[in-house]
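Below, chain A partners chain B and then partners chain C, in two separate complexes.
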Partner chain A sequence: MIRLDHASRWYGQVIGLNDVTCQIGPGLTALLGMNGAGKTTMMRLITGQLRPTTGSVRLFGLDPFANPEVYRHLGYCPEIDSFYEHLSGRQFVRMMARLTGFSAREAEQRTTRTLERVGMADRADRRIGGYSKGMRQRIKLAQAMIHEPEVILLDEPLNGLDPVGRRRFIDLLGDLASAGACIVVSSHILYEVEQMTRSLLLLHRGRLLATGDLRVIRSLIDKHPHQVRLQTDEPRRAAELLASLPNVVSLRFTPGDEALELEVREPDKFYDALPELVLNQGLRLQGLSSPDNNLESVFKYLVEA
Partner chain B sequence: MVLYVFRQTLREFLRSRRLLPWIFLSVLTFVLAANWRELSPTSGVLERYTSVMSVFVYRLLALASAIYTTAIVSQEVEQKTISYLLTRPIERWRLLLGRYLASVVVVGGVCMVTAFLVSSAVFAGSQVNHAGLLERDLAALGVGALAYGALFLFVSLLFNRAMLICLLFAFGWETSMPNLPGELYRVTIFSYLQGIASHPPLQAQDKLLAFVMGAIGPKTVSLAACWITMGILIVSLLAASCWWFTHFEYIAREDAE
Partner chain C sequence: MASPIADLSYRSYDGPLLPPTMRWWVVAKSVMRLAIRKKGFWVWANLSYYWFIILAAVFYFVDVLAPTLPGGANPFFSRIVWKDQFLDAFSIAQMFLFIIALLIGAGAIANDNRSNALLVYLSKPCSKLDYLFGKWMAIFLILVAITGVPTLLFFVYGLLSYRHYGFISQDPALFWRLLVMIPVPAAFHASACLGISSLFNQGRMAGATYAGIYFLSLFFTKAMVVIQIIAMDGPRGDPSRVPSIVNTLFYASVDGLQIGLAKVILQTDGGHLLSGPGGPPVPPAPNGWLFTALYLLACGGFLAIAWQRVRAVEVVRG
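After this line comes the complex of A and B, so read on.
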């Protein structure tokens, strides 16, 4: 559905996006990167608000820049928290529906339906100026999905949402993705992304660092030390046994000898070997965790690499 | 779709908060017109009418055009709401045209109401024959709203902070050029609007007043030439604006910098 081919975008002397090539298909994909990584630039290129300086961007095989044919199938939820503050949520969403080309009646029906879907039906007649951040995010989502587009791009949509709202929002995005839509969500908050999807595009300083399934990305970092924390009542013995494994790079006792922290390479092989060691040697483990088992570490590894 | 954009924008432009300053200026002009006799005791009824119209109403037209027309795109860019508009399945030129027409209706409406008030104030109880004078002014104000609107719209698409340029044009260029010797008055909109309005020639005038009215230099533009020039200006600038808006990027202000 979305295809970027060596797309770069310069703002004068500053590069916003640097030679990005990728394809995004149906399902929920996260565009991950720190602030200034180029996420919004990429979103704007895909939504045809910007043109690439070099390379090309295609949606459904079409150039999206100022292309109404593309916008019939595209919904966009911008990061900026700007609205027509004097309008009510319902008026704003209805206006967006009318601008999409729906008749007054159809726009009204779709507005009611969409506001219910995003959980704003009971508060939609209040002025947007009086909305909380979470309510504004929902209204933004409502205007993006009012025409049931095949592609929805959401720029930092979870900003300002409370945990319950966040959960509902993520579930809603999951539903849309399950229905066959292509959902692209940008975020710099990694644990949020982790709750949403395993399909990632990782951006850093305008470059696409990695793309694909989280597990595939994880394989890229196998060469980097992976941290594992073992809780055991016999840490000295555990250390002796674990040191014999070829993938263990370093061992460290935590203060009070309550746990053992290891750095391992090729963590999958280590996790395969560990149960055998525990069973054969009768090693008693109270706990096993990895501080690296989240996107934060993936991001950190890839960025540092 | 243009009609929906037009209606929506009109509703936005007619919000009381936006309209109040113009109602105030309109009433102020009416009060000035009603009391112009005290300010200029030697002037006749027609002179008073022409003076108030040229000095206030046509300036109000330029001012309102500058403010409303630059709001068509610049305000959306500055408020960062432009993303919502430019990612809907509507051709950009339709969006621009609908919003432009709404601004013209508001600006033209405000100025025409003001002209009507001025006419009522000046000619109240007067026996002077002023047939056709107000009608010609209303026509000139309508054309002026279209012409200033088209020009300022184009300027606002080219420059980030267009308001200043538009105001300088409205009050600097438009005032000084008609007073300069030679044919320079031809590069102003005001001169053509004066040609369409065809105010009667004034006899004795205060120099400053004559300068503000752009009445110092001689002007010889036929009525037909005024209409044709304004028509060409409006159509060409509108076409250029639509083309420009369709082919160039417009994103929220802070992101553009």
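After this line comes the complex of A and C, so read on.
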């Protein structure tokens, strides 16, 4: 659906996006990076509000720059939320529906339906000026999905949402994505992204650092062995047994001998061998976790590299 | 556990949509709705036609109370040039039209720039042309209504009451001339508001800039009036002694351009009904071609600025 081919965007002397090549298909994809990494620039290139300085951006094979034909299939929820303060949420969403091209009746019906879907039906007739940040986010999402676009782009959509609202928002995005919509969410908050998806585009200083599934990306980072934490009441015996496995790089006892921390290479082989060892040797394990098999660690390893 | 078979029930809308030519109307309606909610708009809109009210009252009382000559002719009405009355009311309304234009148009794009609403607007299937045309039409239609309704009502009043005093026979094409004259200020203010508004992120700044241009040019016009009086050797002097360049520069203002064009359209030099001899000098109508060209150039220039400036994202240039 979305394809960037060596796309770069310069702002005068400053580079916003540097030679990015990637494809984004159906499902929920997170655009991840620190502030200034180029997430918003990439969003704006995809939404056709900026033209790449070099390279190309294509949506459904079309150049999105100032191309209303592409916008029929695109919903965009920008980060900035100060719209028309004098309008009510319902008026704003209905106006956007009309602008998309729906008849008055269709726009009204869709507005009601979409506001219910984003949980704003009961507050939709209040002025946007009186809305909280979270309510504005939902109204923005409503206007982005009012025309059931194939691609929905959301720039930092969880900013300002309370935990309950955040959960509902993530669930809603998940529903849309699992039904086949292409949803791209930009964020710099790792734990938020981790709750939403494992499919990532990781940007750093304008460059695409990594793309794909989080676990696959992690497994490809050879420089940092995977950390495995085993909770057992006999850590020394466990250490003796596990040390014989070929993929174990190091072993460390936690203070108080409550757990054993290992560094392993090729974790899949390690996880294959572990059950046999546990069963054959009667090793009692209370817990098993992988502290660095998460987005934060992947991000840290990649950015530090 | 999620099903291994993908749920592809999501369907994007592929039903009928309004033709793209109608998108501008959504933009225009939102501007007009905002305008008519402002109390100031109604106050200034009602003040803008006060001269027509005064004229109607004067005519009514003169008609009812003043003596008539034998044969039913009233000397007051016999002297009246009817199209000059329309020109007078048009000229007097200019300041009010300008204020209304500021109220409804100064923030038309500036407020969208400030709130980044353009990001949303221009990510819909609505082109920059739809957006600008919608904004322009909103200001234009409101100003046309404010200029046109009282003008045409007064025309109907004159037609019904003063036909025997030459209301129609003086200029049978008066109605059509009025129809051409009415949109002149509306188109100018709509273009100027959009052009200036697009340069700013705050409606107030855009308004202040337009007001600055308006009043500075008005001051220039007043300076030309003083030069005219000096050249004529007093207000009752000989108008032929005024250099033609001074008469032309009299129209070198926002109002002047439109009043000059109105004189060209109505084919009159104008005259004051109530001030009589000794009132301010009345410069002759300017060159029609020159003023039409200047008017179109000014409107086109403002629109070109707006076209250049309107974009969803502010791009830093190196």
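One rule holds in what follows: the second predicted complex is superposed on the first by the 303 of 305 C-alpha atoms of A that agree within 3 Å, B and C clash if a C-alpha of one lies under 4 Å from a C-alpha of the other, contacts with A are read in each partner's own complex, and residues count from 1 in each chain.
As a convention for this text, contacts are C-beta pairs under 8 Å (C-beta built on N, C-alpha and C of every residue); 3 or more make two chains touch, one makes a residue touch a chain.
This one's a predicted model, so the numbers in the text were calculated from it and none came from an experiment.
What does the overlay on chain A give for chain B and chain C, a clash or a fit?
Because the two structures are overlaid on the shared chain, the partners are seen to clash.
Examine A:103 and indicate which partner it touches, taking first as chain B and second as chain C; both and neither are also allowed.
It touches chain C, and chain B stays clear.
After superposition on the shared chain, which partner residues are touched by A:164: those of chain B (first), chain C (second), both, or neither?
neither
After superposition on the shared chain, which partner residues are touched by A:71: those of chain B (first), chain C (second), both, or neither?
both
Have a look at where A:178 lands relative to chain B and chain C in the superposition and call it first, second, both or neither.
In the superposed model, A:178 contacts chain C only, not chain B.
Determine, for the superposed model, which of the two partners chain B and chain C contacts more residues of chain A.
C
Identify the partner contact of A:150: answer first if only chain B is touched, second if only chain C is, both if each is, neither if none is.
second
For the superposed three-chain model, which listed region of chain C (59-67, 95-103 or 149-157) is the one that clashes with chain B?
None of the options clash except 95-103.
Using the superposition on chain A as set up above, list the residues of chain A that contact both chain B and chain C.
Touching chain B in the first complex and chain C in the second, residues 44, 47-50, 66, 68-69, 71-72, 74, 76, 78, 80, 82-84, 86, 95-96, 98-101, 143, 147 of chain A appear in both lists.
Could you please specify the touching residues of chain A with respect to chain C in the complex?
Chain A reaches chain C through residues 10-14, 44, 47-50, 66, 68-69, 71-74, 76, 78, 80, 82-87, 95-96, 98-103, 106, 140, 143, 147-150, 176, 178-181.
Under the touch definition given earlier, write down the residues of chain C that touch chain A in their complex.
By the definition above, chain C touches chain A via 2, 6-13, 15-20, 22-23, 26-27, 30, 34, 37, 114-117, 119-128, 311-313, 315-318.
Which stretch or stretches of chain A touch chain B in the complex?
The contact residues of chain A facing chain B are 40, 44, 47-51, 66, 68-69, 71-72, 74, 76, 78, 80, 82-84, 86, 95-96, 98-101, 143, 147.
Can you list the chain B residues touching chain A in their complex?
Within the complex, chain B touches chain A at residues 1, 4-5, 8, 12, 15, 79-81, 83-92, 246-247, 249-252, 255.
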